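The two complexes that follow have subunit A in common; it is paired with subunit B in the first and with subunit C in the second.
Now for the complex of A and B:
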């Protein structure tokens, strides 16, 4: 899933300081699963905004709405009859959401209510960890099912580097050296020699280095 | 300021705090009339939004009265409530609101006296802080 975290409330209050009628829009996709942008969090942000403005003596109307997803036009369309009633919208979807809303409703001010962090998963309840860098050419099968691009601090494809110590990365004792884990796992699987097989340099043209990406699946295009 | 009568909302566990309330009643001890009670089957069910809503509606203080840490009938309900109360304290601080306006009390079924004292303590604390909303 795409993992995000809430923006500081003061930053959001500053963004909307001159607005009197707001719509907070959540998303039932990834940000619901990581407890940052679903219907529950829409309610919490809306309540926080109302409390802050009441305390400062500046009343505000904050309404709440949660879309099935903010990254699909058919769901974004759901707002077309109500969005014009608001001075601004706060989207608490990942960074895709506020952009889809901005593109669909160009005359409405759209503010992001969360900071998108990474693609990852929940390693335990309340703890998320990065797993994918979206490089566009998956190579995890060469590395024991573990991604050194997303999980090595240097994205090394030929680690570990000299900064690996007792299974930890030199940047922090809290960061696992994924190359240590890869080597141990490949050793356990009797596949260590696969790591010294020659492979041509990875092409990064499918990653961000190739510019903004777009994917077209002809069989799905109407 | 001293005429100020704070409006307090208390979320009370129906297992321990409510039994404590019965004990208090037997002792002829009553809660201050400005403390309103919402009984919940377990404090673990109280969400952050439940704790924020009373402030939005004009309450001056909120507290949760639940079990001792090791005696929750649902194992860890009170631990969950404690984390949520702590989170709301942080949220209030971020909004420049006194975090002492929300609090958690650990009670048990026989503690009628403590049940009333918790309410009185909260009333006094919030009275000292003043009204939540500007006049």
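Now for the complex of A and C:
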């Protein structure tokens, strides 16, 4: 899933300081799963904004709405009859959401309410961890099913570097050295010789480096 | 074609079978050319080549190629270091051509410390290729006369290719394989991380020799004399991939006030003596960090002078 975290309320209040009628829009996709942008969080943010503005003597109307997904025009359309009633919209979907809203409703001010972090998953309750860098050419099978591009601080394809210590990365004792894990796993699987093979420079043409990406599935295009 | 890959002094010394001795010099955090020249002059005649670090610990300094050229002007052979953190493959290949064109003949290929350590932690890193692929890049340009895209290089750069090895990083068992991988990728010589845990280094070298790696590549053992107990404890605790045994810290502490630096040098000299005899070790890389003025004395006491003229 795409993992995000809430923007500080102070930052959001600053964004909308001159607005009087707001719509907070959530998304039932990834951000609901990572507890940051679903119907529940829409309610929390809306209430926080109302309270803060009331306290500062600038009362505000904040309404709530949660879409099935914000990354799909079909669902974004749902707002067409109500969006005109508001000074601004705060989207608490991932970074895709506010952009789809901005594109569909060009005259409405759209603000992001969350900071999108990474593609990953929940490793324990309340803890999410990055897994994929979206490089466009998956190679995890060479590395024991683990991705050094997303998970090594230096994206080394021929790791581990000299900073690996006690299974941790040189940048922090809180960061796992994925190469330490890759070596251990490949050793256990009896596949060490595969790691001794040289991995040549990767083509980043399919990654973001190749420019903004678009995917066309001809069989689905009407 | 010459019998040498690059014809650098370092290559000639190593190829002649003599025990090599290299030094290190960090460029200034500014354009203080005089300070750099002064530091470098201490090393002149004491070592076969001087490593010029490339924004080491991710702190911005004068570029390593520029500082390397200043050393050349001083009559000192540089070992130009390049990290993959700050350049993509275009900048890497063009800098390789640039340094060679201006007379640099040795190049050490490194991944580079993560920018989080340095003085610009907000920076975006590059890591388009890694150190292994950098070795391969230089070798491909030199020996095949090709860029990474397969196109011809118009006059290939003939560089003596170096790489680093840290026998003390983990997982230990994999380290010798990674060394083998660097040699297969094209490393002509290796300079190791600073060695303090001699038992572990002996074991590492034994494995390297068993694999015949010392016959395919020159391995230089890394030595950094400890200046103080504080430096030793800092390296032991704060520098990832560094292995400083408690016994060494106790020894330094036991030396008493005012005598710790001398004890640090004594330990380094004992190490160098052992490396001279150790199978598979072709030389010593002395990293006297901000202690360049001590290098003549250490070289003298280690029996490294005069340096061979090949």
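Structural remarks
By definition in this document, the second predicted complex is superposed on the first by the 219 of 222 C-alpha atoms of A that agree within 3 Å, B and C clash if a C-alpha of one lies under 4 Å from a C-alpha of the other, contacts with A are read in each partner's own complex, and residues count from 1 in each chain.
Keep in mind that, in the parts below, a residue touches a chain if its C-beta (ideal position, glycine included) is under 8 Å from a C-beta of that chain, and two chains touch if they have at least 3 such contacts.
Only a predicted model underlies this, so the values are computations on that prediction, with no experimental measurement involved.
By the touch criterion defined above, A:196 lies against subunit C but remains apart from subunit B after alignment on the C-alpha atoms of chain A. In the superposed model, A:68 makes contact with neither subunit B nor subunit C. In the superposition on chain A, A:184 makes contact with subunit C only, not with subunit B. Applying the stated contact rule after C-alpha superposition, one finds that A:78 touches neither subunit B nor subunit C. Once the two complexes are laid over each other on the shared chain, residue contacts for A:11 go to neither subunit B nor subunit C.
In the superposition on chain A, contact is made by A:204 with subunit C only, not with subunit B. Within the superposed three-chain model, A:43 lies in touch with subunit B and out of touch with subunit C [touch as defined at top]. Contacts of A:170 after superposition: subunit C is touched, whereas subunit B is not reached.
Annotation: subunit A has no residue touching subunit B in one complex and subunit C in the other. Subunit A meets subunit B in the complex at residues 8-10, 40, 43-44, 47-48, 50-52, 54-55, 57. Residues 47-49, 52-53, 55-56, 91, 94-97, 132-134 of subunit B are the ones touching subunit A in the complex. Chain contact summary for the complex, subunit A toward subunit C: residues 153-172, 177, 180, 183-184, 187, 192, 195-196, 198-201, 204. Against subunit A, the residues of subunit C that register as touching in their complex are 84-85, 89, 111-114, 116-117, 125, 127-133, 136-137, 148, 164-166, 169-171, 173-174, 177-178, 180-181, 184-185, 193, 240-241.
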